[in-house]
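Naming follows writing order (A, B, C and D), and every chain is counted from residue 1.
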Amino acid sequence: MPIEINWQLLMPELVIALTLIIVLIFDMFDSISKTILGWLTIVGAGIALWVSIQMQQAGTVGTQFNDMFKVDSFSLFFNIIFLISTILVALISLSYLGKDDRKQGPYYLLILLATLGMMLMAAGNELIVVFLGLELMSLSLYVLAGYFRDNPVSSEAGMKYLLLGAFASAFFLYGIALIYGGAGTTSIPGIASNLTAESQSPLLLGGMFLLIVGFGFKVAIVPFHQWAPDVYEGAPTTIAAFISAGPKAAGFAAFLRIFMEALPAMQSQWGDVIILLAMLTMTVGNVIAIAQTNIKRMLAYSSIAHAGYVLIGLAAANNEGISSVMLYLLVYCVMNIGAFGAVILAKTTDGECLTISDYAGLGFRKPLLGLFMTLMLLSLAGFPPTAGFVGKFYIFKSAVQAGHTWLVIIGAINTAISAFYYLRVVVTMYMREPEEELEFSPYPSTLVVGLILAVIGVLFIGILPSLLLNSVQNSVL
Amino acid sequence: MGLEYYLILSALLFTTGVIGVLIRRNAIIIFMCIELMLNAANLAFVAISRHLGETTGQVFVFFVMTVAAAEVAIGLAIIVSVFKHRQTVNVDEVNSLKG
Amino acid sequence: MNAEQILFIVFGGISLVGAVSVISFRHPIYSALALIVTFFAQAGLFVLLGAHFVAAAQVIVYAGAIMVLFLFVIMLLNLGTLSASGSIVGKLKGVAIVLGLLLAAEGIYIAVNALNETAVASAQPTAAPVTTYQIGELLFSKYLLPFEVTSLILLAALIGVIVLVKRDGPDTD
Amino acid sequence: MSLGLIVVLLISPFAGFLINGLFGKWLKGKEKLSGWISALAVFVSFACSIIAFTSVRGGGGMSGDEGILYEWIKGESFAFNIGFHVDALTTVMLLVITGVGFIIHVYSIGYMHGDSGYTRYFAYLNLFVFAMLILVLGNNYLMMFVGWEGVGLCSYLLIGFWYEKQSATDAGKKAFIVNRIGDFGFLLGMFTLFAAFGSLDFTTIFDSADAGNFQQIFGASTLVIATLLLFVGAVGKSAQIPLYVWLPDAMEGPTPVSALIHAATMVTAGVYMIARSAVLYELAETGEVVAWIGVLTAFFAATIALAQNDIKRILAYSTVSQLGYMFVGVGVGAYASGIFHLVTHAFFKGLMFLTAGSVMHAMANELDMRKMGGLRAKMPITHWTFLVGAMAIAGVPFLSGFWSKDEILHSAWAISPVIYGIGLITAFLTAFYMFRLIFVTFYGESRVESGVASHLHESPPVMWVPLAILAIPSALIGLLLGWGGHNSWFHHFTEHVFPKAHGEASGNMLVFMGISSVVGLAGIAFAWIRYRERVPAAEPTHALHKLVANKYYIDEVYNAVIVQPIKNGSHYLLWRILDTGIIDGIVNGVAAAIRLIGGTLRRLQTGLVQAYIVSMVVGIVLFLAYYLFVR
């Protein structure tokens, strides 16, 4: 049977694939300066972003490949999140990778492959596609985490991520098998139509929970979170930023799509577990973050806690909840990459400043750095008028609407706890005298540009959320 | 043969893999155990596919094998690069990242 | 007891014994060999289920390619002597076995109730084996997208392995 | 009046901030340009303010829905808007902020000449003006709070501007932390209002409150609690007892900053807030609390000022004291009078700070007036302008301070003669310490160190022209706007904004004016007698001298018996116990508990892959069991 392919629907993915090929070819020629590869990646992702925005605005809808690939405003919105993350990460990577030509090519190739994987996860309308997208993304990330192979810590991070990730993938796969048995199909609309009533079948319940395990691992939900701090700390900082942003959003995208579209009939069964996981994740993430001294680890625990906030919106399981989750993930990606970018900016002549006490007095000594870091941390803590506040506000609001008042109260308490460790860094920067004078490297201009973009994003969403909100509310499943 | 028997076998193989992951120190053996888990899932797919009288499950297995091959390639490469630093592949000796 | 049941017990038994051996042999090489045995036995089970192509792929890909890679790395790193020193199992042995048994119990419970109000319960099993031709056709029509994605996954693996273990030469070879 | 005008008014200083902030490196060699861009940005706002002012005079204005720029975030039954409220009160504040602000920007161009952080300074200054404009333009408490926090942040950055100086960063921190206490009160007040009215919009709240239409969460006292909590915020921001301690230390910042932020604009935010919330304070009848805190602050700060020898500190305590007057005004229900004093004070206190800056500029940053004397000859313009400011604050008849202070005292008499009495004593003290400053600094023998004396000079035109410009309104604005007391132009202009004062001022206006004039002039006369030719501090050498110098031996006793205990009390009692003891104690206690839990949980993160897998599997086993067997 001949296959009709509507290439227009696949534009963002095709642009990324084309960029991939161009980067691959350019990487082969020794005569070309490899620093151009990063720029190629940015340009390619930028075009894909522009295409996605256009398609999203136009309300493009359609399926491809026998219903396996679904383009709708939901998937396009997530494409926008992924591509923004990719562009920001590529921008902060340009200076981070240094001038070593051999390091450039594979790095950007893997980032592009991971981005493609994420896009497949968001658009997958079939568990096979979601699984393959997830694996494509994960495999690229395992390598990226261990990318600085001369650094023992980076290798260790890669190995831990890989072993734990593969272990979780096996559960995820088993879960798909059980769902396949329970519903008789792996297609998302197929599952939904086969499961019109709530089912008590152990096959389905078990399968459903194992899917939660698989996604829970990728987005770092307690108790499947323990890889995150180690990997974030060990991985190159740019990659920590990348892992904490796009893949987390991709995990939630597929999570939402599968649970809201394929398993809505079983909402009463997954709902309460999600609530429990949300409480656990927020609380454990925030409480352990307080005890951290390394800023990358602190951000790792904070990212765990943020997964918990997102789960609050997921537990609401209404349109409000979905749109708030989407908004939150966008906000979260921008601010988290920004925070990691600020960590990279705080580079001394003997390496990055990773201990929080290294930041003492930086607020005045390095005003720009202080400003970036402060803004990002305030946004992560959810202070108005930053984007973080708007995101949290809508998440909590959707939960209140769904009647999960207790969840919101616990969320609010957690927000208060989190303010403590975010502000501690700010206080250290502005109110404490440094113990020793650190020699700082000059700011790389691309990194500063990336951070300025992040700042603009955080403030723009924080001050004018309504512009974005309409677009998000039209993108729910 | 009923589907149940295949699924029981698959569950036992999967659990054996999990136990292996939990008890062995050698990263390569842990990795083999993960392959064992993937295979158990494959068995479940094929058995269910057969009992449903449709082919999705078999095709799925084909894709899982590809993924497994890619995962093994990368996994072993990472293990080799860890080995270069520490002269060991015992996971409980690779724990400098913690807290 | 018909032939299918006997073969199921034989292949199933071999694969289980193989699996237990994988996790209990001291030497990684033996574990790898035991794993190959398990894979072969599983290929037998696939044949039993009428999945001839999958069975062939199992032998070629798993037993052939993947396990060779394992053996290669074990020998490259010369791990035999290393892991002989000290314990082969970690500190969590007791916890692990209890957890494993609980998990197995849950898995068996799910399996036993597999036909409880699910799609498989009402389906009609087919006796006819699925041919390679059918699989091939599906891969290039209905499953074209996943098929293409696997090529990307292999590309990622290729790049990844090069990045991680290629020797740093003064130049690119 | 169009929204566009207000947006331009608001955005212009922000644009200035962005230009100076982002292109600071590029502007480094062109500091004049940087300064003028910044000043121009404020001037644009000033021009817009004038347009807005004329529009309001012509009956225009902006309130309720017409001022809404857009909806910020929205819930089911409420929405937070970005919107503006423009009425007489707003335009008065706008003119003060942008007018005085502009002059101070121009002055700064000269004053900050050669400073390494030149562009940073102007970026902060513009940002401050922007935040202050948000504070007064907002049509709801949320925007007011955003501005409130914004000015606090800028103030902190500007106080600690010379961060190489330990004392400057310490002062910055102190201001920041003390203000947090007040802001927390404001925040709680805001929550209370939101809980009671389901909205934070001024119009909605005031209309519902007037109609008695709100949730009585704390019974009838809801409004009392809300207004008192808001007042806690005002006490912090406007440096009243007991949170005034940060303001004198804030003089560590550049002097024009003190003029703009710690005299003319930010510190008056509390007064503005109460005037804006006049409806609530009338209904809650909490004004008297405000008035009492105000008058006590006015008195205490004035007594402290008596014993200071540092010019800027005297001005700082004087600011605290004058803010107290403003609170008396708004507290006794004479809102227009309080705001009127705010306006006149902005001019004359701004002027005095700038002249102090001019003196510092000439004296190589010397601030101790015992090392000055006779500066009149070398710095005539500075001297005359300072004199104008001092006469205005001292209440010399027909100068601006005379009118506004007198109105406040007159209104206070109707509420409580005791408040009036304390206010009057304070007026005497004010005149006394201000002229003590004048006589010791500008008259008598020169005590200037020879090294400094040689290049003692009048400041450059970019500095003295602003002084001269400010001197004119300092002298005349009271007469122009305040002629006729409670029937003055100013009262007519603002009459629609404020509820009618509950107690009509009684008694003959002229009698009160007479008393005030006598008191003010008496203070000046005393200062003249005591300090015309004497220096405050030098150690008396023998008994006879001591006897002669007895009067200012009292100064020392006073200093030891009252000022020091107050200072120490505020410092140690309030600061140490309240802040580090109680607040830190609670915060630290909870934090320590959480940190302990965190530290324990952290140990689960052993770094061992298998330990992580165990926790995953435990999770899987438990949840699966829940699904399979419990449900």
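By definition in this document, a residue touches a chain if its C-beta (ideal position, glycine included) is under 8 Å from a C-beta of that chain, and two chains touch if they have at least 3 such contacts.
Keep in mind the model is a prediction, meaning the values are calculated, not measured.
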item: Chain C omitted: connectivity of the other chains; value: one piece
item: Partner chains that chain C and chain D have in common; value: A, B
item: Averaged-CA centre spacing for the pair chain D and chain A, given as whole angstrom; value: 44
item: Interchain centroid distance [CA atoms averaged], chain A/chain B, Å; value: 26
item: Geometric centre distance via CA averages, chain C-chain A, whole Å; value: 31
item: Chain B-chain C separation of Cα centroids, rounded to whole Å; value: 6
item: Where chain A touches two or more other chains at once, by residue number; value: 128, 132, 135, 139, 142-143, 146, 149, 158-160, 163, 167, 171, 178, 181, 184-185, 200, 202, 206, 229-230, 292
item: Junction residues of chain B, two or more chains touched; value: 3, 7, 10, 14, 17-18, 21-23, 30-31, 48-49, 51-52, 59, 63, 67, 70-71, 74, 78-79, 81, 91-92, 94, 96-99
item: Multi-partner residues of chain D (each touching 2 or more other chains); value: 602, 605, 607-611, 613-614, 617-618, 620, 624, 628
item: Topology of the chain contact graph, where touching chains are joined (line, ring, star, complete, other); value: complete
item: Footprint of chain D on chain C - complex, ascending; value: 90, 92, 95-96, 99, 102-103, 106, 109-110
item: Residue ranges of chain C touching chain B (in the complex, touch as defined); value: 4-5, 8, 12, 15-16, 19-20, 22-23, 28, 31-32, 35, 38-39, 42, 45-46, 48-51, 53-54, 57-58, 61-62, 65-66, 69-70, 73-74, 76-77, 79, 82-83, 87-93, 95-97, 99-101, 103-104, 107-108, 110-112, 114-115, 119-120, 123-126, 130, 134-135, 138-139, 143, 146-147, 150, 153-154, 156-158, 160-161, 164-165
item: Touching residues (chain side chain B, partner chain A) in the complex; value: 3, 7, 10, 14, 17, 21, 27, 30-31, 34, 37-38, 40-41, 44-45, 48-49, 51-52, 54, 56-57, 59-60, 63-64, 67, 70-71, 74-75, 78-79, 81-82, 84-86, 91, 94, 96-99
item: Interface residues, chain C side, partner chain A - complex; value: 106, 109-110, 113-114, 116-120, 123, 141-146, 149-150, 152-153, 155-157, 159-160, 162-165, 168, 172
item: Touching residues on chain B, where the partner in the complex is chain D; value: 18, 21-23, 30, 91-92, 94-99
